[in-house]
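First comes the structure, then the notes that go with it.
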Amino acid sequence: MNKNRLEAFSDGVLAILITIMVLEIKVPHGDQLSDLKGLIPIVLSYILSFIYLGIYWNNHHHMMHTVKSVTGDILWANLHLLFWLSMVPFATAWMGENHFSAMPMAVYGFMLLMSAIAYYILQTRIVKSQGKDSILHKAVGNDLKGKMSPVLYILGIALSLVSPWISGGLYILVAFIWLIPDKRIERVISEH
Amino acid sequence: MNKNRLEAFSDGVLAILITIMVLEIKVPHGDQLSDLKGLIPIVLSYILSFIYLGIYWNNHHHMMHTVKSVTGDILWANLHLLFWLSMVPFATAWMGENHFSAMPMAVYGFMLLMSAIAYYILQTRIVKSQGKDSILHKAVGNDLKGKMSPVLYILGIALSLVSPWISGGLYILVAFIWLIPDKRIERVISEH
Amino acid sequence: MNKNRLEAFSDGVLAILITIMVLEIKVPHGDQLSDLKGLIPIVLSYILSFIYLGIYWNNHHHMMHTVKSVTGDILWANLHLLFWLSMVPFATAWMGENHFSAMPMAVYGFMLLMSAIAYYILQTRIVKSQGKDSILHKAVGNDLKGKMSPVLYILGIALSLVSPWISGGLYILVAFIWLIPDKRIERVISEH
Amino acid sequence: MNKNRLEAFSDGVLAILITIMVLEIKVPHGDQLSDLKGLIPIVLSYILSFIYLGIYWNNHHHMMHTVKSVTGDILWANLHLLFWLSMVPFATAWMGENHFSAMPMAVYGFMLLMSAIAYYILQTRIVKSQGKDSILHKAVGNDLKGKMSPVLYILGIALSLVSPWISGGLYILVAFIWLIPDKRIERVISEH
């Protein structure tokens, strides 16, 4: 079974998710610059989610590169990841429309947390199907980023009740951690 | 005629169908957790349809793997399947918004039934175009799952008037039957 | 310049166009079967446009099969075709919501006419770039279907003022003419 | 790392962007030809943006053709470009619904400007990763079009306060400049 269709399907879903978020930026009635002011939180939350989905697409791209054969396990773990990512546009819109208030911030963090867990499950399935000597297993190593992210998300969810701004700061922090290009897989591949 | 574009087009349509269902999860006005309560039936019906479309994509993926040449017959049988699958988001939304009441449950079952029939027609066309010795013909065998599903859907449609919960249970049951990975095609392929 | 991306992009646009028409089938408020009655014209017009876009995808698939190199001319002729096809969902919705009344029927026919003209231009560009000995040129031959369709569309547009049902009948007729699989290209290819 | 998924993802996003703009052409309530009159500015702005996104897809296609290996830099520069292009449908709708009044015209020009800058950054990253002897570097040459466009956009933004029609004229002018097929890359490729 080849991985091309898995990649194509995932790319398709991710491309649609990243784009339908734009539909939430509703055209205002007036034609003055000030009429756009109400859209600022919507656009800010769109930017954050755009970056997150970009990171997932990027990492998915890298991880799939190491896959040789796609098993049923991997296929469903991948669909599971896509399911949680498909909830991101909803959480993004709810967060933006409520100007980053407590509960929407917590729910947004929850969607990020579940996506991270789903990504971890997918990674585990791939490593399992390919053995401990696989490129992915070596590349991921102790997977510091992968372990830190859920902790920061949980912190963000819990602290949303104290201050949604702390949650927002934590979600941005995790995005930055992942934006630093993940050289691990590239390095291990080039060593082979 | 190559099958790549058929797969790419089908993947595209399935990726869009699976994703536009999210647009039905409308952002609530309030920003409290309790404001999300009204969305629970919408989300539950989304999950069921996500799994169903995932199963169709998965099985389509397997079945197309055995196809060597695409005839006009196969092409239109494939479009016919995509047509019925394209009605699933509508039936899903109607079911979710009416909290799984009788008629929407029956219509949802009807869409699943028609999709199953369309899938069966596509399978038959492929087997026909490739002869009785084809991988697909051997792999499908007596096709127990394929024969059971429509019976269970019809049962679900009929019993929706008695109790929509029984219908729901039956649709979930069929999904579970198909979620068990279909080793048939994989096994027959690896035997060759 | 390779044609893969041209095909992928066209497939993407066609897959989206065929699917967003479903968004026009708005979920009714009631949960009775009778609440779906108002949707019948919308669904009928969706079916007709689904078949038309399916035909265009199918023929595009065949025609591109004969293309060796993509010139700037072909690229823009292709985008021009996609533009007119992108107007079909709008015309479909207007026609369905107005229960096939005169003007929407004429506008629907106009979009089909412009799409047919755009398809013809694309075909001409491909033949021109590949010479009179090309597979496509031989396959298309005197192109009876291609010449009849615009005439029938124009007839449909003109007669919509007399009776929209005649227009509808003509549009269905053209769809049937094209549904008969176009063996021309397949035959000429297999002769080579 | 291969560039296929980068192209596929970009094609997907561009295909969706070009198509969701159609959703902004809302079906009018009446069924007379005069009921479509209100849609004229919406359709005109759709046509302009369709051409712009077509140009970007076309040029992206050409540029990526010269890329051999995709680095993290290129990947994110590409996502950055897609982000600004994803704002075009919003700006298009705002412009169309306000009948090309001053502020929407300025904002539309701003989105075009940012897209042009993002495209320039992507081009620079690709040249940087491939050296001064690369095909792209030679092909782009002094990049007159690439340098003229931002100047014309800025002029368009500034002059929107004087007359939105001048802005519109400038945006159409830039589109025409780019519509003239960019032979540079094709020529340099064929020389190799």
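Going in written order, the chains are labelled A, B, C and D, and every chain counts its residues from 1.
As a convention for this text, a contact is a pair of C-beta atoms (placed from the backbone, for glycine too) under 8 Å apart; a residue touches a chain by one contact, two chains touch by 3 or more.
Predicted model only: the values in this text are computed from it and were never measured.
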Interface sides of chain A and chain D: same vs different residues, half threshold: different
Cα superposition of chain B on its sequence copy chain C - rotation in ° rounded to nearest 5: 90
Cα-centroid distance, chain A relative to chain D, in whole angstrom: 27
Chain B-chain D separation of Cα centroids, rounded to whole Å: 38
Of all residues in chain D, the ones touching two or more other chains: 8, 12, 16, 20, 23
Touching residues (chain side chain A, partner chain B) in the complex: 1-2, 5, 8-9, 12-13, 16-17, 20, 23-24, 72, 75-76, 79, 82-83, 86-87, 89-90, 93-94, 97-98, 101-104, 107
Touching residues on chain C, where the partner in the complex is chain B: 7-8, 11-12, 14-16, 18-20, 22-23, 25, 27-28, 31-33, 36, 47, 50, 54, 57-58, 61-62, 65, 179, 181-182, 186
